[in-house]
Amino acid sequence: SGAARAAARALGDDALVLAQRLGEWAGDAPVLEEDVALTNIALDLLGQARTLLSMTGDEDELAYLREEHEFHNVQLVEQPNGDFAVTIARQLYFSVYQELLYAALAARGGELAPLAAKAVKEVAYHRDHAEQWTLRLGDGTEESHRRMQQALDGLWRHTGELFAPLDGLGVDLPALHEEWRERVAAVVERATLTLPQGPDRTPWAAGAGRQGVHTESFGRLLAEMQYLHRAHPGASW
Amino acid sequence: SGAARAAARALGDDALVLAQRLGEWAGDAPVLEEDVALTNIALDLLGQARTLLSMTGDEDELAYLREEHEFHNVQLVEQPNGDFAVTIARQLYFSVYQELLYAALAARGGELAPLAAKAVKEVAYHRDHAEQWTLRLGDGTEESHRRMQQALDGLWRHTGELFAPLDGLGVDLPALHEEWRERVAAVVERATLTLPQGPDRTPWAAGAGRQGVHTESFGRLLAEMQYLHRAHPGASW
Amino acid sequence: DALLAEFDAAVAADSRIEPRDWMPDAYRATLVRQMAQHAHSEIIGMQPEANWITRAPSLRRKAILMAKVQDEAGHGLYLYSATETLGVSRDDLLDKLHAGRQRYSSIFNYPTLTWADVGAIGWLVDGAAITNQVPLCRCSYGPYARAMVRICKEESFHQRQGYELLLALSRGTAAQHAMAQDAVNRWWWPSLMMFGPPDDASAHSAQSMAWKIKRHSNDELRQRFVDICVPQAEVLGLTLPDPDLRWNEERGAHDYGVIDWSEFQEVLRGNGPCNEQRLERRRTAHDNGTWVRDAAAAYAAKHRKAQA
Amino acid sequence: DALLAEFDAAVAADSRIEPRDWMPDAYRATLVRQMAQHAHSEIIGMQPEANWITRAPSLRRKAILMAKVQDEAGHGLYLYSATETLGVSRDDLLDKLHAGRQRYSSIFNYPTLTWADVGAIGWLVDGAAITNQVPLCRCSYGPYARAMVRICKEESFHQRQGYELLLALSRGTAAQHAMAQDAVNRWWWPSLMMFGPPDDASAHSAQSMAWKIKRHSNDELRQRFVDICVPQAEVLGLTLPDPDLRWNEERGAHDYGVIDWSEFQEVLRGNGPCNEQRLERRRTAHDNGTWVRDAAAAYAAKHRKAQA
């Protein structure tokens, strides 16, 4: 159905945009092992994006020729990389969500189940990676603790959106919210950090990526991603 | 003639690209007076660019639809803003050059003379602005001295290119080099700084913006500048 | 006492209060609060528009936008200077802004998502600002009133440019028209909120009106703005996103829908879409500039000494 | 003495020298220098290609490029590990790189100006690297030889992908074809320089050949590379920018033009187009990562203590 396709496309947008953000790290990670790990995660996400977008159209037309408001990714994934703590906080919030989501999709069967069953294994690694770093940064030095807490707090307002109902998905997203919160809280607590207390969504009603409304930095992300493709209309690469 | 048009276009590209770089500062200057001053300089340059480009074609087609290698600006103007000292060093080198160049163009008459006569007054202000800040930073604190010297040194390798002969311009650019060096040296000396000693051009023969070869950051500058225009082919704004 | 009586008489006679005149502490405090907020709004207000300088889709539009952002920096300069006549320094005011102890207009906590937002800010946000500010040109405090005369002139120029930008989009391609409509949809309600809470909930209004710092109530100005915008929207070929908007023959004015004041309060509390981003960017620019300001001060001190 | 004789015999017999074996100090120093340079080249080499990850013009190409850059990080890891078997730590090697006391391949001091450069690097730079490295798979030092086996396999994959990227451009639109030709024009000569100075001017070659760290002279390898590239360029439909390039029936090899070794020396001296930029970016990434590495170390120490 149209709604199912739109839902698949929204998940594809999530994966694509986060892959793009992680791709910005290449060569600049704090240790060489993280250059490998972050690129690895980016590649998994890019693979998921390609599968999901291809289910609903031509992957390159979708990635390169849509305007900003036609992307339906959550705002969390488009948030700038910031320092390594911000990237890890974004990974923690998103990978726990994605793991729950893909597990539910795999369990329920249907068109997305094969992708979800494969992706849930990849995402388990992403989540483990984010957890390990949350522990190290939270329970590392005073500076790393401060930065990690600040990162968790700063992105918290983009987490509520993850659990807004998504038509056509066939998964009850709001029902996953509590489980997500418990899993995140458990890691955060082990890391000697505090689960943020502020609002978990922006109060601005229109502020939801799922409705095609994004944040200022997303326009620049798209400009960079799409420029070359758009500069050569109709070319094959 | 074709060569004269190409030369006018190259000067227009210089002004356009530097205006674009200075435009990146808007809202982020170290003091409010500099938000005014840097934007003012950017506006002057943008005005020069529009006049020069319009003499050789449609200003927007030229600004928005050429590829990187079709821009013939010197590499100096495309160098990233860096800190305020880098921006000031770039302004100093370029405004002293532009003042000499426009004065020569105004004196010789011909098609570019009216523009040059007007622009030389604007550029005298740009040069004065750069001089005043070179003095303050050079003869300010230890940190500002260090940063200013580093900025002068870092950009020095892009200054030789300014005086490469430019066909069709009708001004003997190499002949202006010595005067430029003396003027820059006088300011640098008053600022208790040292005129850089290293090579004043990159040894890579192909490294000349006037031949359409640029530096890595230029591609990103163009992507940002041209994206929106290219995303709506044929639209009027 | 005599000073207060003299002050009250001057205000009543519509004379200007000048920096050297005696004034009540509360009058001074109210002015500092309002003028500082106004100055801060000019400099924070550069951010959402500067966001599009590097991406402006034609050179003509780029020049117009640069000039506008430059004017805003200039307005900031006048307003900080005018505020300094009340005995507070710009540095002090900036410190208070950066510490979150003084406000700027909440409207700048909304993002500029597309090029059309530049037009919508010009038409609606500058339009609302002018409606607010024109009466301030007759404000009882002289330096503020004079700054506003100059600012209003430039603002109305910006407002026309914004309108013209939107008109070009509205009459452009389908994608451009949609971009313009989307921007108006997002900016309309926040613009109405720029006039502040309804009169019955406005904390400072009565005293400010008595002092002739303020000359019309929030709701009066809001109504005036709505009445101006409706016919302009028609010419633009764009819809204002309010199903309750209609001409009321009896009142000789437009009725409009209920404003979501809970959103206003949230944004005011710091939870708007861009509050943190705006303040953080301002702080970063200021911090990155510290060594430059220090250098300028050191240079000036050296050369004063050398001349002495 | 006996140890040296044993070492020489092992090398002569084409046995592998292993980390615990005795080896001459100069052999060890030569290996450290060469392996460190090789490891540094992998990590600096990520920069020119990573420059295009965010702008790759199709998702398929983006995935291929990401995977390639990831492989380079992986190669860096193997090579630092292999170098550590000689008793120097990665931290120490990185410090020397950042201080400019150890080198990386000069080729990475050239910029990637267009998307086609990604293809040209794959075809020419990786091609030259493989030509250099295949003989290293039989290098006398075991850990280095084994690392090279793995690396060469992946590099030849990258080389084919680069070739295929250029082929698609060459057969694409006129603008794409021009982009490919321009990239080949810029990368051809620097690639030839990757084999190092001519044999008669090469400082370290003779001893390295005797030690079987090196197995062919610079000029031999360069000739091999040219002979491989010429027919490939023909299939690509691209011209190599050397008017003197032609088949020499007598030698059974291609003659080629004179290399501008002054450029090579300048780039080596630090005056190439990107020397400062590459090293500065590396240092910045390293410095920005200090607090992260410190945190990981502190965490590990705490939890070791907790378990003890």
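A, B, C and D are the chain letters, set down in written order, and residue numbers restart from 1 in every chain.
To be clear about the criterion, contacts are C-beta pairs under 8 Å (C-beta built on N, C-alpha and C of every residue); 3 or more make two chains touch, one makes a residue touch a chain.
Computed from a prediction, not measured in an experiment: that's the story for all the values here.
Student: In the chain contact graph, what is the shortest path length, in steps, from chain B to chain D?
Tutor: Counted as steps through touching chains, the separation is 1.
Student: Give the label of the chain whose average Cα location is farthest from that of chain A.
Tutor: Most remote chain from chain A, centroid-wise, comes out as B.
Student: Comparing A-C against A-D, which pair counts more contacting C-beta pairs?
Tutor: A-D
Student: Take the average of all CA coordinates in chain A, do the same for chain B, and state the distance between these two points in whole angstrom.
Tutor: 41
Student: Round to the nearest whole Å and give the separation of the Cα centres of chain C and chain D.
Tutor: 57
Student: Measuring from the mean C-alpha position of chain A to the mean C-alpha position of chain C, what distance in angstrom results?
Tutor: Using C-alpha averages as centres, the distance is 36 Å.
Student: Residues of chain C that contact two or more other chains, please.
Tutor: Expected reply: 55, 175.
Student: Going by the touch rule set out above, which residues of chain B reach two or more other chains?
Tutor: In chain B, residues 67, 223-224, 227-228 touch at least two other chains, as defined above.
Student: Could you classify the connectivity of these chains, where an edge means two chains touch, as line, ring, star, complete or other?
Tutor: other
Student: Following the definition at the start, I'd like every touching pair of chains, please.
Tutor: Touching chain pairs, listed by label, come out as A-B, A-C, A-D, B-C, B-D.
Student: Which residues of chain B touch chain D in their complex?
Tutor: Interface residues on the chain B side: 67-69, 154, 157, 198-199, 202-207, 213-216, 218-219, 223.
Student: Given the complex with chain D, which residues does chain A contribute to the contact?
Tutor: Answer in residue numbers: 16, 20, 23-24, 26-33, 35-36, 39-40, 42-43, 46-47, 49-50, 53, 59-60, 63-64, 83-84, 135-137, 139-141, 143-144, 147, 224-225, 227-229, 232, 234-237.
Student: Help me check something: in the complex, which residues belonging to chain A touch chain B?
Tutor: 67, 220, 223-224, 226-228, 230-231, 233
Student: Quick one: in the complex, what on chain D touches chain A?
Tutor: Residue positions touching the partner: 43, 46-47, 50, 53-63, 66-67, 69-70, 73-74, 76-77, 80, 90, 115, 168-169, 172-173, 175-176, 281, 284-285, 288-300, 302.
Student: Could you list, by residue number, the parts of chain C that touch chain A in their complex?
Tutor: 48, 51, 55, 110-114, 175, 182, 186, 262-263, 266-267, 271-274, 276-277
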